[in-house]
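Once you scroll down, you'll see the structures, which are given as C-alpha cells.
In the two assemblies presented below, subunit A is common to both, partnered first by subunit B and then by subunit C.
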Partner chain A sequence: MGTGKDVRLSKVFDPSDGRAVVVAADHGLMLGPIQGVLELEKTLQKVVEGKPDAILLSPGQAEKLSNLFKGRMAPSLLVRVDWTNTFRDRTYTLPVRETFFGTVSSPRHALKLGARAVVTYLFLGYEDEEMEARHLSLVSKYASECAKVELPLIVEPIPLGPRVTKANNAELVAMAARVAVEAGADALKVPYTGDPESFSNVVRAAAGVPILVLGGYRALSRRDLLEVIVETMEVGGSGVVFGRNVVQAQDPKKVLEDLRAIVHEKKSVREVLAGGEAPKKIKLGAQPERCSGCLLCTAICSFSHEGDHNLSAGRLKVEGRWPGPFKLAVCTQCGRCVEACPKKALSVNPAFGFIFWNEERCDLCGRCVEACPFGVIKLQGSKIKVCDLCGGTPECVDWCPRGALRVITS
Partner chain B sequence: MSTLRGRAYAGKVLHIYLPEEKTRCEELDEKEAKLFLGGKGLGAYILYKNLEPHVDPLSEKNLLIFATSPLTGTIAPTGNRFCVVTKSPLTGTFLDSHCGGPFGIGLKEAGFDALVISGEADELSLLILEDGKASLMGAKELEGMTTLETEERVRKKLGDSFKVACIGPAGERKALIAGIFSEMRAAGRGGAGAVMGSKRLKAIAARGEESVKVHDPKAFERAAWRAHRMVRMHEVTARHLPMYGSDNILETINESGALPTRNFQEGTFESASEISGIEWRNKLWIRDTGCSRCPISCAKVSKIEKGQNGVSFMEGPDYESIWALGALCGIGEKEAIARANLLCDLYGIDTISTGNAVAYAMECYEKGLLKGDDVDNLDMRFGNSVAMLELVEKISKGSGVGKLFENGVKRASENLYAKKGDVACLRFAMHVKGLELPGYDPRAAQGMGLGYATSDRGACHLRAYTAGQELLGYGGGSNPRRTEGKARLVIEKQNEKAVVDSSGICFYAFFAITLKEVRALLEAATGFEFGSSKNLEKVGERIYNLTRLFNVREGFRSRDDTLPERLLSEPMSSGPAKGLVVNLGPMLKEYYQLRGWDDEGVPTKEKLVELGLA
Partner chain C sequence: MGTGRELRKSEFIDQVDKRSVILQASHGLMLGPSEGEDIEVLRTIAKTGIDGIIVTRGFANRYSSIFRGRNSPAMLLSLDWTNAFRGRDHPLPMARLEHMFLSSVEEALSLGASGVTAYFFIGHEDDEHEASNMEALSTACRDCDSLEMPILVQVIPIGERVTAENYVDSLALASRMAVEAGADILAVPYAGKDGHSRIVAAAKVPVLLLDLEMKMSKGQPEFNIELDTPDAIRAGGSGLLLGRRYIERKNTPYVERLVKLVHGG
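Moving on, here comes the complex of A and B:
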C-alpha cells in the first residue's frame, strides 16, 4: 500500500487499535427515501455527535453535505461509486428480479469530493457467469484507478444469485471476500455469517485486509446487535458499517456511543447495557397489548432457573388463549409476600429491588404464595420460586420477541 | 426405561387399538431416534414398519399417528410442532400434516413422543391421555360439533389444562379434505381428519406433568438464544411475517405472474392489492398471535361482524387461504374470504383444497360442464363471492352439491367425467396425485413444478419451497423461468425440510436459521452427535427416501410424478411468465439421477444401502 492510501485509511481505521465505526447513509441511492435518510442532513447532524470514524454517502449527497466533513474532529467521508437494483425495496417485501449494476462515480471524482475511501459491491453467485466477469472487471477497474490516486478501495463482497444456498452462504462470503482482496481491496465490508466459527473463516480468507461487518436489517434489540459485533471482533473483525441501525434509531448518538464502546473501548455487552453506572433498582414492566401469547417468557424463566421447561415454575404468567387478548402478570415487588412471611425468609434486595428468598429461614408454610395478588410466587417441592430479576438482566425481557416486557428503571 | 428419557424425548410410543381399548407402550429406541429424529421421520418409520401395503386408508387397518419431535415443547424458536402421519385417503400416498397447535406439547407432557392409533371405536369417542395413561370415553354429545365447540366442551369436561386435537363435522363424515385441528390451527392437508373420523375418534385430549428436559441445558440455552437472535434479526422473520403474516408475499407473487387466478387460467389477479397483507392489516386483523414458543407471530386474528355460527373472531387468514378462497376464485373481497375460511375451520376442512374445489366448480360452470341444478342453481361464475361462500358452506356441511366437492377436485372431476364423458373436465382438475395445488403457479416458477411432482404427499409447496428463491429473492435468488439447477435445488430443500419437519420446529423459523443451528439445538437437546450439518441433511435424505419407499410400495411410479395437464400444455396467458408451460421432463430426469433413483423413480439398492434403509 502506498503512502497516500496508508494515510487516508488511518483516517478511517483508528491507528491506535486498527478498528472503525462507520455509518452507512447511502440508502437513498438504492432504496429511495426510506425513513432516516429522508431528511439526511438532520439525521447526520445527530450521527456526527456520536463521533463515527466515517460516514458513507452517495456522490450527490457527499457534495451537498460537505460541511459535515470539515474540521479536524469531523468524520471521514466515504463515497459509494456504484449502484445496483438488487436492494431496491418495496413496501414490505423484496421481489427477485435480474441484477444490474452501474457506475455513479469514480475514484478521481470521489477524491475531489474529499473522500478518504470509496466503496463498491462485488456480487458472486450469478447464474450468468458473463455478468460475474463483468462485475469483477468493474471492481478491478476501480482498484487500478484507486491505486493511481492512492485512494483506498473498500469492497463489499456479497453472495447473490442462484448458486447461493443457505448451506453455502458462509463459504461464499469467505470466497467473495478473498476474490475482493485479490482484486485489490484495501478493506472489506461483509455480512455476518451467523456465528463466530464461520466468520473466522472469512477473516482468514481476507488475509490481513481489515473486515467491517455490516448490519443488514435493522435489529430491534440492543443486546442482539451488540452481541453480533462482539462475536465478529473476537475472531478478528475490525469494526462495523451500520446503516439503518443508526440512521433509523430514535437517538443515533446513543447507538454510536454503544458501538464505540464495543469496538474501540472493547467493553463487554453487559457493561455497555448496564451503562457503566452503579446497579439501579429495576422493575419489570408489561405491555400486554403487544403480547402474542407465545409463552416464551415463562418457558425461558423456567429454563434459565431450573434447566427445565416446566411453565408452571415461571415467575411470571401469561393468561388467555386464542383469540386473545392476553394478560401478563409479573412481580411488581409490592412486598405483600415479604410482609406475609412469618419467618422473615423473604426480603428485598437493596441493590436491584428484587425479592430474595432465604432458604434456611423458610419453613415452606406457603403464606407468601397466598399473599401474592398476581400468583407469580410458586411453592414447588421444597423451593419458593420468586422473581429474582435474573440478577439485573431479566431473561424474559431479552427473549420476548415483541417488546411486551421491559425493564423499568426507577 | 428408555435411554432417551430426559433427552428431549419422552422415550415412549403409545399404541392403541381402539375397539378393545387395548394399549401397548413401546420404548423409543435410541438408534431409531437418531436415524429418524421425530415428527415426520419417526411417523414415517412407524407407518412403513407397521402398515400393510394397499390398505384402504379409511378402513380400520390404517394407522393414525401423532408424532412429536425432540424440539417440541422446548425454548427452541417455534418448538411447538406435532405432525399427523397416516396413509392419505385423498392421495393414497404417505401423508404427513403438521400443526403448531397446543396438542403437540400436551402429548409430550402426557409422556409420549408418539401415539399410534389403529382400529375403529364402537361409537364416536374421546381419547384421553394423562400422565402416561390412556382411556377412551364415549363422546356422543360431541357429535356434529364444530372444532371450536368441541375443544371448549372437552376442556370444560376434563379441565382447562388439557390440550386438544379434534375433527369437525366434515371429519366425522369422512370428507376426504377434512383436517385435524388444535386451537384453530390445522393439520389441514391430505385428509387426516377423514382418517380420524373413520376411527370414530372425535377428539384427543392430553395433559401431564412430564415437562421436556434436555441433555445439556447450558449448551441448549446458548443454541436456542443464537437461533432466536437470528430470527429476531432477519428481515423476513422480524418484519415481513410479524407485520403482514404469510400474506406479506401476495403482491410480489402476483407481480411475478405466479399468483394462480381463476383456477390457474391466469397468473396475475387484477384485485391482488385488495387482498395484500397491508390491506388485511389495515382492515380486518385486530391482533397478532402465534403458536406456543414462536417468536415470529405470523398468525393474525380477524374480527368479523355477525360471523358464521355466531363466531366473530377468526384465525388468519393466511396467504394460502386468502389466495385459494380469493384470487383462485377471482374474488378480492376480504370479508367473504374471511367468512369462508372461518367455515372451513369450524367444520374442519382444508382451505387450499376447498378453494380449489370452488374454483374448479366455477370453471366447469363457465364452460357449461355444470349448470343450473348441477350446482343447486348457484351462479357459479368467477368472482361471485356470494356463490363462493354458499358453496363453501355446502362443502363444509356436506349438503347438496357440496357432496360432489367434499372429497376434493380429483374425485369431483372423475365423477363429472363419468357423467358427462367430456375429457376437458379432467384437463383443468388442479391436483397432483389427488392433492390440490397450492398458491404458486409453477409455469412462473419452474422449480415449484418439480417440487409438486415429486412431493411425497402430492402437490405441496412445503416440501421444496423454491418459491423463496425463485420469486421472493431469498438466499440470492434464482431465475424462476429456467429449469437448469432446479433438480439440485428441489432435492436440497426436500432434504432440509424433512429435517425441519422431524425436529419439531416450524418452516418459518428456517427462513432465518440454517441446518447448522438446527444441529446445535438437536445435539444439545438429545446428546446425539451428527458431526456436521451435511450429516444432518443425510438424515433428511433418509427420511425422504423412506417416504418414497412407502409410495413405491403402494404402486406409485414415475408416471405419477406429474402435473395437471393444464400446466404442461397450456401456456401461461398473462404476466411475466406469459407463454410458458412447465418443462417437467428434463427436470424430473435430472432429479431422479441426482437422487439415486432409477428411471421409474424407485430408489436404487445402492442408495438404500448408503442411507441404511436396505
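Moving on, here comes the complex of A and C:
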C-alpha cells in the first residue's frame, strides 16, 4: 500500500487499535427518502456527536453536507461510487425485477470531494454469469483508478440472487471477500455469516485486509446486536458499519457511544448495557398475563450462568400449561434466604440489590431453599443458584419475546 | 465544484478558533542535515497539538506514520526548493538566489497530503526571477484548483532592494499578489503590529507568522515570538509557522507552549 492510501485509511481505522465504527447513510441513493435519511442533515448532526470514525454518503450528499466533515477530528468522509436497484424489495415502490448496478462517481471525483475512501458493492450469485463478470470488471476498474490516486477502496462483497442458499451463504461470503481482496480492495464491509466460526473463515479469506461487519443482521435484542460485534472481533474482525440501526435510531448518539465502547474501548456487552452510570438498585418485575409459557427466560438463565439449556436450572420459574394462564415466579430480593443462612454465605449486593452467594462460607445446608417463598433459589450439585440479576442487566428481560419480564428501578 | 479543498484546509486550520500552528520539517532538501535533527523528536512534537507539519516527498514516504490517525497533524507537502536560506555559515552560502518547483500538486494528493506549500519571494535583484516565481506559483495554484488542494504560500521579502522604509509595502504587495494568484493561506514575516494588520486586511485569507531564523533583507524587523505573536493575533493574524530550530533544540514543551499561545487554553 502506498503512502497516500496508508495515511487515508489510518483516518478511518484508528491506528491505535486498527478498528473502526462506520455509519452508512447512503440509503437515499438506492431506496429514496426512507425514515432517517429524509432529513439527512439533522440526522447526521446527531450522528457526528456520537464520534463515528467515518460516514458513508452518496456523492451528491457528500457535497451538500461537507460541513459535517470539517476539522481534523471530524469523521472521515466515505463516498459510494456505485448504485444498485437490488435492495428495492417488495416493500418499496417499483420493486426490483432484475438486479442491475451502475456508476455514480469515480475515485478521482471522490478525492475532489475530500473523501478518504470510496465504497463499492460486489455481488456474487447472479443467475446470469455475465453479470458477475461485468460486476467484477467494474470493481477492478475502480481498484486501478484508486491505485493511481492513492485512495483506499472499500468493497462490500455480497452473495445475492437465486443461486445463494442458506447452506452456501457463509461460504459465498468468504469467497466474495477473497475475490474482492484479489481485485484490489483495501478494506471490506461484509454481512454477518451467522456464527463466529464461519466469520473466521471470511477473516482468513481476506488475508489481512481489515473487515467491518454490516449491521443489517437479525438481532433479537440490543444485547444480541452488540454481542455479534464482539464475536466478529474475537475472530479478527475490525469493527462495524451500521446503517439503519444508527440513522433510524431514536438516539443515534447513544447507539454510537455503545458501538465505540465495544469496538474501541474494549468494554464488555454487559458493561455497555449497564450504561457505565452509577449502578441503581433494580428488581425484576413480572407480568404473567403477557407470558406465553415459551420458557425462553429459564433457558437463557441457565445458558448465561451454566452454558447449557437446563430448564430446571433457571433462577426463575414459569408454571402452567398452554394456553395458560401461567404463573411467573422471580426473585424479589425479599431477603428471607439471607436471614435463614446460618453461615452468612448469602448477602445483598449494596449496588444493585441482588443476592450474592459466597461459595467459601456455604456448607450447602439448604435452609435458604426452604426459606424461599417463591421456590426460585435452588441447591443443585454443590451450587446455590440464586438470581444475581445478571450483574445489573438481566438476560431474561432481554430475551422475553412478550415483555412479560421487566426491570424495575427503585 | 468539489468540497475537498475546504475539508483538507480544515485539517490544519482549527475549526473553532480558525487558527493554526504549523511546523516546517522540509529544510533538509534545501540545507542538508542539521545537528540534533531526530525523527523521534518530530514524533513527540507531532503530539503537542500542532496542526500541520510541512515535509518533502522523500520524507513523506519514509515517515508517513507521523500522520496516521485523525488525532495526528495534517501533512503539507513542500513543492519547491531554494538556496535562499543558505547563510554565511553554510558550506555553500547563497551567491545568487535560485528557486524552483520540484513536486506537483498531484503528487501531494497521492501522498495523502492535506495541503501544499511554496515560497513567493519579493525584491529579487533580477526582475525575471520575480516573473518566473509568479508563473510557477500560478501553475501550482491552478493545479490546486482542479485537484481541490489548499495551498499555503510563504511570502518573503528578500535582498538589497528591501529596506526598513519599504518593508511593509513590499510585504503587502507580495502578499496580495500571492492571494490573487490563488493562495488559500499566507505565512509572512512579522512586520510590526500595524504592519501585520495591514497585511491581514489586504490578504483576506488566514495569515500565519513566519518565524524566520535568518535575516533575509536589511529591512526585516526583529521578531520576538512570545511577545509579538499575541500582538499579531490581535491584529487579525491566524497563528504561527515554525522553523527547524524547534526540532533541533528538541524543545517539545516550548512548542506546546506556542500551541497554547495561539489556540489558548
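Criterion: the second predicted complex is superposed on the first by the 278 of 410 C-alpha atoms of A that agree within 3 Å, B and C clash if a C-alpha of one lies under 4 Å from a C-alpha of the other, contacts with A are read in each partner's own complex, and residues count from 1 in each chain.
Please note the rule applied: contacts are C-beta pairs under 8 Å (C-beta built on N, C-alpha and C of every residue); 3 or more make two chains touch, one makes a residue touch a chain.
In this text the structure is predicted, and so the values were computed from the model without any measurement.
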{"item": "Which of subunit B and subunit C A:322 touches, first, second, both or neither", "value": "first"}
{"item": "Superposition-derived comparison: subunit B or subunit C, residues of subunit A touched", "value": "B"}
{"item": "Partner chain in contact with A:202 - subunit B first, subunit C second, else both or neither", "value": "neither"}
{"item": "First, second, both or neither for A:70, with subunit B first and subunit C second", "value": "second"}
{"item": "Which superposed partner A:143 touches (first subunit B, second subunit C, both, neither)", "value": "neither"}
{"item": "Partner chain(s) touched by A:272 [first = subunit B, second = subunit C, both, neither]", "value": "neither"}
{"item": "Partner chain(s) touched by A:62 [first = subunit B, second = subunit C, both, neither]", "value": "second"}
{"item": "Subunit C partner contacts - residues on subunit A that touch it in the complex", "value": "2-8, 10-11, 14-16, 53, 62-63, 66, 69-74, 76-77, 109, 111-115, 148-150"}
{"item": "Subunit A-facing residues of subunit B, complex", "value": "73-75, 183-184, 211-214, 217-218, 221, 225-226, 228-235, 238-240, 242-244, 248-249, 251-252, 255-256, 277-278, 287-297, 299, 301, 313, 315, 469-473, 475-480, 482, 484-485, 489, 492, 496, 514-517, 533, 537"}
{"item": "Contact set on subunit A toward subunit B in their complex", "value": "90-99, 125, 127, 159-167, 169, 194-195, 216-217, 219-221, 224-225, 227-228, 292-296, 299-300, 302-304, 307-311, 321-325, 399, 401-402"}
{"item": "Touching residues (chain side subunit C, partner subunit A) in the complex", "value": "1-8, 10-12, 14-15, 51, 60-61, 64, 67-75, 109-112, 147-148"}
